Amino acid sequence: MIKAGIIGATGYAGSELVRLLINHPDVSVETITSKSYTGRDYKSVYPNFSHIDLVCAEENTEELAENCDVIFLALPHGEASKRINVDILSKCRIIDLGADFRLQDVDVYESWYCEHYSKDVLKEAVYGLCEINREKIKGRRIVGNPGCYTSCSILSLYPLLKEDMVRENSIIIDAKSGVSGAGRGLSAANLFCEVNESVKAYKIASHRHTPEIEEQLSAACGKKLVISFTPHLIPMNRGILATCYADLKKEYSYEDIRRVYEKYYKDEYFIRLMDEGIFPETRWVKNSNFVDIGFAVDKRTNRVIVIGAIDNLYKGAAGQAVQNMNILFGLDERTGIDSVPPFPV
Amino acid sequence: MIKAGIIGATGYAGSELVRLLINHPDVSVETITSKSYTGRDYKSVYPNFSHIDLVCAEENTEELAENCDVIFLALPHGEASKRINVDILSKCRIIDLGADFRLQDVDVYESWYCEHYSKDVLKEAVYGLCEINREKIKGRRIVGNPGCYTSCSILSLYPLLKEDMVRENSIIIDAKSGVSGAGRGLSAANLFCEVNESVKAYKIASHRHTPEIEEQLSAACGKKLVISFTPHLIPMNRGILATCYADLKKEYSYEDIRRVYEKYYKDEYFIRLMDEGIFPETRWVKNSNFVDIGFAVDKRTNRVIVIGAIDNLYKGAAGQAVQNMNILFGLDERTGIDSVPPFPV
Amino acid sequence: MIKAGIIGATGYAGSELVRLLINHPDVSVETITSKSYTGRDYKSVYPNFSHIDLVCAEENTEELAENCDVIFLALPHGEASKRINVDILSKCRIIDLGADFRLQDVDVYESWYCEHYSKDVLKEAVYGLCEINREKIKGRRIVGNPGCYTSCSILSLYPLLKEDMVRENSIIIDAKSGVSGAGRGLSAANLFCEVNESVKAYKIASHRHTPEIEEQLSAACGKKLVISFTPHLIPMNRGILATCYADLKKEYSYEDIRRVYEKYYKDEYFIRLMDEGIFPETRWVKNSNFVDIGFAVDKRTNRVIVIGAIDNLYKGAAGQAVQNMNILFGLDERTGIDSVPPFPV
Amino acid sequence: MIKAGIIGATGYAGSELVRLLINHPDVSVETITSKSYTGRDYKSVYPNFSHIDLVCAEENTEELAENCDVIFLALPHGEASKRINVDILSKCRIIDLGADFRLQDVDVYESWYCEHYSKDVLKEAVYGLCEINREKIKGRRIVGNPGCYTSCSILSLYPLLKEDMVRENSIIIDAKSGVSGAGRGLSAANLFCEVNESVKAYKIASHRHTPEIEEQLSAACGKKLVISFTPHLIPMNRGILATCYADLKKEYSYEDIRRVYEKYYKDEYFIRLMDEGIFPETRWVKNSNFVDIGFAVDKRTNRVIVIGAIDNLYKGAAGQAVQNMNILFGLDERTGIDSVPPFPV
């Protein structure tokens, strides 16, 4: 059994992770910690766990590192880089669900986030987008688990950039997210009556997932690119839909592009390419690790429109974290995260 | 491996059943049938199954009975009783998710539903409310899987009637259900804009789950009782909350009643008694087989108010069907239906 | 023009009131106040007012009383009774949307709420349920505007008690409310993901609207009665549905009861009695001052089930406050609050 | 009083129109017709009208033209062009809420829709986007009332094209709509459980509002342009948000662009330009005729991102139809459609 600790277990992503790890056949959850709820029964914080005995422990990273094979962190940005150092890394594997170990370029990190407190560790970190970086993840000691918008956006566009089919700086990603992406923190903007029956864009031209997408897509095409990324808030609990636009470099047909997507994804269990004319909807991936991708070629404008859908808390956070753990520990990548999505749910 | 067939696999309950059985470690899904979608890929009807190859077969009950160990039926009332006879029963086990084998009193059935076409089989059927009838279910060949409102209502009130604590004819059940309970059939009343942002009562003093609750509660207390049952439609996908009122026969304290609930339910894995002052909410059981129950004693009126919550498609249909199958085939009752409910979902 | 001031203009009820008064042909809104947003543009707090210039003033009740013909208060309980005294009353009319001037029995008020700071004023106050107390409201200087659950519940049951048709202590009111009833205050329990896709009961056997309903229904039947009242939270913005149960004293027919409802309500513009077999749904009254009422007689249990629906912020708060103002100032009662409810909305 | 007839009064747009016209001080609703509900009480089709006596008449366009000053048509495409001819036009004014009189280019109409049956009348029709075509609308006999997506999209982008600030073929409009845009027709795809808790794109690169936007924006800039337009379905009743992207021809500042929007819109009552950093959300315009517009300049990509929000049934259909009527009949443009949007609703 892999002994797992979870730091920050009472946010939505942390709680989803606890749930997946408890259901995982090869994991034993040793310790969960929470700053806000230290000492509290987990079931009083999340009554969906009412049949399970778990207490929110005080955090002690050192101790956790001694007792666990893997530590997951689900914390606000800046918090993981304060906690993780080479000493910790020598004792256990780290999977960070926050932003601190995602961007390789420290300057970019610091210009979008805050000071980075463990730059040496960052060099060792791998970007845990499993379908793209699987081979690099194996054997690594620390994984920066991708953001929710980014997982969806990068996987949707990756083959097109890898194969040089689109104008690099023409990319526009218009993304829609359920409200759980905003977390469980108190905010008037996230009260039911403020969110329900409305849709809005937010952090226009300024969302922090932008540089993460740019770094990965730039790596894919070998050129430094900039994108437009606009997130929107949708009155639903879970799900991300990314509608991606890009100018084609040539007059490609649907089949031309299909061939490229199949080249990269046909053996990827968690990526489901939709048939021509069928497009992803978040309901078909909700509560699962699947990434649904579909696309159309608009001949009138010579653009490709790619649509990707994921569950933001699952493939966009906790599910992919478990997938990364499975890779790190040599398990079948699907263990514990392979179930048919429920519907309607 | 238990070989399973599902007749009526393209309604919401049928589809939930297919999902649970595919994920079940001891079951192989042999055949699924659908009248409306014969010959169609299941993934085209339910794209949440996009990674799975399944085709909706034409229904042939005889053949199914030859090839399967268990047949599940998820059909409109009157359809199962036309299909199931002693010959079928001699070949395989039957779990019917419809109403045909739930009521033992044929006259009551026929007055609320329609003609019953297999009265001899009905005598052999057991009412598959697992927590109450577990011992009777074992060894039986046919199970009438309870309705969604009824599972929730009966389990909420059972100990009070069994222990003679409430006035039999004072029972009022005010129930609230998500929209999936209405099924996937086309109906203007179930269009998004007609249901969203509204709440209504329906089938007032005339819902067909009334006699089912009455038959079971009458059996529990040994007296013929009548109840008031009012279902309501709530703008959400899944979940049932039953708010149950009953006049106490004496001045019972909270602890008096608690003792009785614990007597019947303390070893029931799927029933979670809430602590005093905590009440069930459907979100904590959504997408799970759990039944959450809490209650309060109102000293001003000397009434007990019991609140029960289940997922209507899971414990209220497909999950309990699997639980019944587990009992019939001697498996651990929790196999394939034991997971922490996801939240928020 | 009636000069109006609004104290507490930035809660949901206060904001609905500002909206209705701005649209009212005979009112000029002189001053709005807000403790939390003093000095702020109202449009920055409620961008639906983006085309209107209004600033949240600091509260000064004395000054308001000098300059206004009527002051509306939309404050937490205990706050209005601290502000209103005979001096204020001598200068302008008061309509209080809070609880302080609703209950005539001070002891009951103080046992359910807190100390009452203007008991002399309370004696002069009238309970502003317009359809019942219209004649008593005329000429009064202070109106206690009814609560949302109570408006709906009392109007639903009043004729039955007035005409002595039901057992007084058999009344059970199972009410369902949209989330705006909880106000705009920060509370984790009202975050979108906590409310959406769920239903729950709350304040079981302990909600403060209980004594308000009891006082009015007791007055109607001339006997002190107790009721069971259970509020539920529904994932929608607005609307209240009250499902009311009562044991009939005799075997009344539908027509017997219909006659009584028509006796009291047939000339009431804002009360719409549904035809037999038709029941209220909150969507048909949303964003209006209408009260829809329907009922059924359950012959099996000899109970009557009455269902009432209102918009909690409109007839349940701001709309009825305007209706009360119209009565106080001799206007047509419908002025400014008479529009067809929009649908779907 | 303007005598009005409404053909197709039982769709969502038709019903919203009936509501607005009944509330309009200068209009009397003479006749409403419905193919599906001929002879039925309107209140039985839309119980929000329960206090109003209206019957769905059989349609007779000739008779309507004799008796009415204005006829509104809310019909599927192709139906209005079959009904309206020069004879009808000589008797009364026509406002068509469908697509038949929106596109000036018949070939474009016929390639996206179907045969056009009154091409001569089409020449006389004016595109009823009031803020842009006000002067052209005056004195006209027939108005093609714009589509919902188009009203929002064109108004959001118009100043930029009029002033030659953006690359014509770089325009991408990613639009999000509530479900009422799909109408009240029976469709499995619009059942509550299929729409709720999900988001999807649909009619990708093929939605019929595309040529309507292109015709108007081409007219604005004097060049034939093509755009990408992607509609999305959002789990809410009402509202459209259009997120519009365009490459700037020069390095414009926020103020440069602001100046241009103010040039065109500063006196437009129904257009509300948001302050810098504030962006439209559909909740602030729901149930009103307002158009909220905000924008940002993304210096990294040299794009402008403009966001517009309207209520699809109000400014996107019935409200604008009334606005057009007001213009045609010389009334104050705001009559009957000028109210503060309610919130939360």
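As written, the chain order gives the labels A, B, C and D, with residue 1 at the start of each chain.
Everything that follows uses one rule, which is that a residue touches a chain if its C-beta (ideal position, glycine included) is under 8 Å from a C-beta of that chain, and two chains touch if they have at least 3 such contacts.
Everything quoted here is computed from the prediction, not taken from an experiment.
*Asks:* Taking contact as defined at the start, I'd like the list of chains shared as neighbours by chain C and chain D.
*Replies:* Neighbours common to chain C and chain D are A, B.
*Asks:* Can you tell me which chain lies farthest from chain B, using the average of the Cα atoms as each chain's centre?
*Replies:* D
*Asks:* Using mean C-alpha positions as chain centres, tell me how far chain B is from chain D in Å, no decimals.
*Replies:* Centres of chain B and chain D (C-alpha means) sit 46 Å apart.
*Asks:* So the centre of each chain is just the mean of its C-alpha atoms; given that, what is the distance between chain A and chain B in Å?
*Replies:* So the centre of chain A lies 36 Å away from the centre of chain B.
*Asks:* So the centre of each chain is just the mean of its C-alpha atoms; given that, what is the distance between chain A and chain D in Å?
*Replies:* 39
*Asks:* Touching at least two other chains at once: which residues of chain C meet that condition?
*Replies:* 12, 180, 193-194, 196-197, 235-238, 281, 283, 286, 344-345
*Asks:* Under the definition above, what is the set of chain B residues touching chain D in their complex?
*Replies:* 12, 179-180, 184, 186-188, 190-197, 235-237
*Asks:* Would you pull the chain C residues touching chain D in the complex into a rising list?
*Replies:* 12, 15-16, 19, 22-23, 46-52, 180, 197, 237-238, 269, 272, 274, 278, 281, 283-288, 290, 292, 339-345
*Asks:* Using the touch rule from the top, collect the residues of chain C that touch chain B in their complex.
*Replies:* Those in contact with chain B are residues 169, 172, 174, 176, 178, 193-194, 196-202, 204-205, 226-228, 230, 232, 234-239, 241, 243, 245, 279-283, 286, 296-298, 300-301, 303, 305, 307, 344-345.
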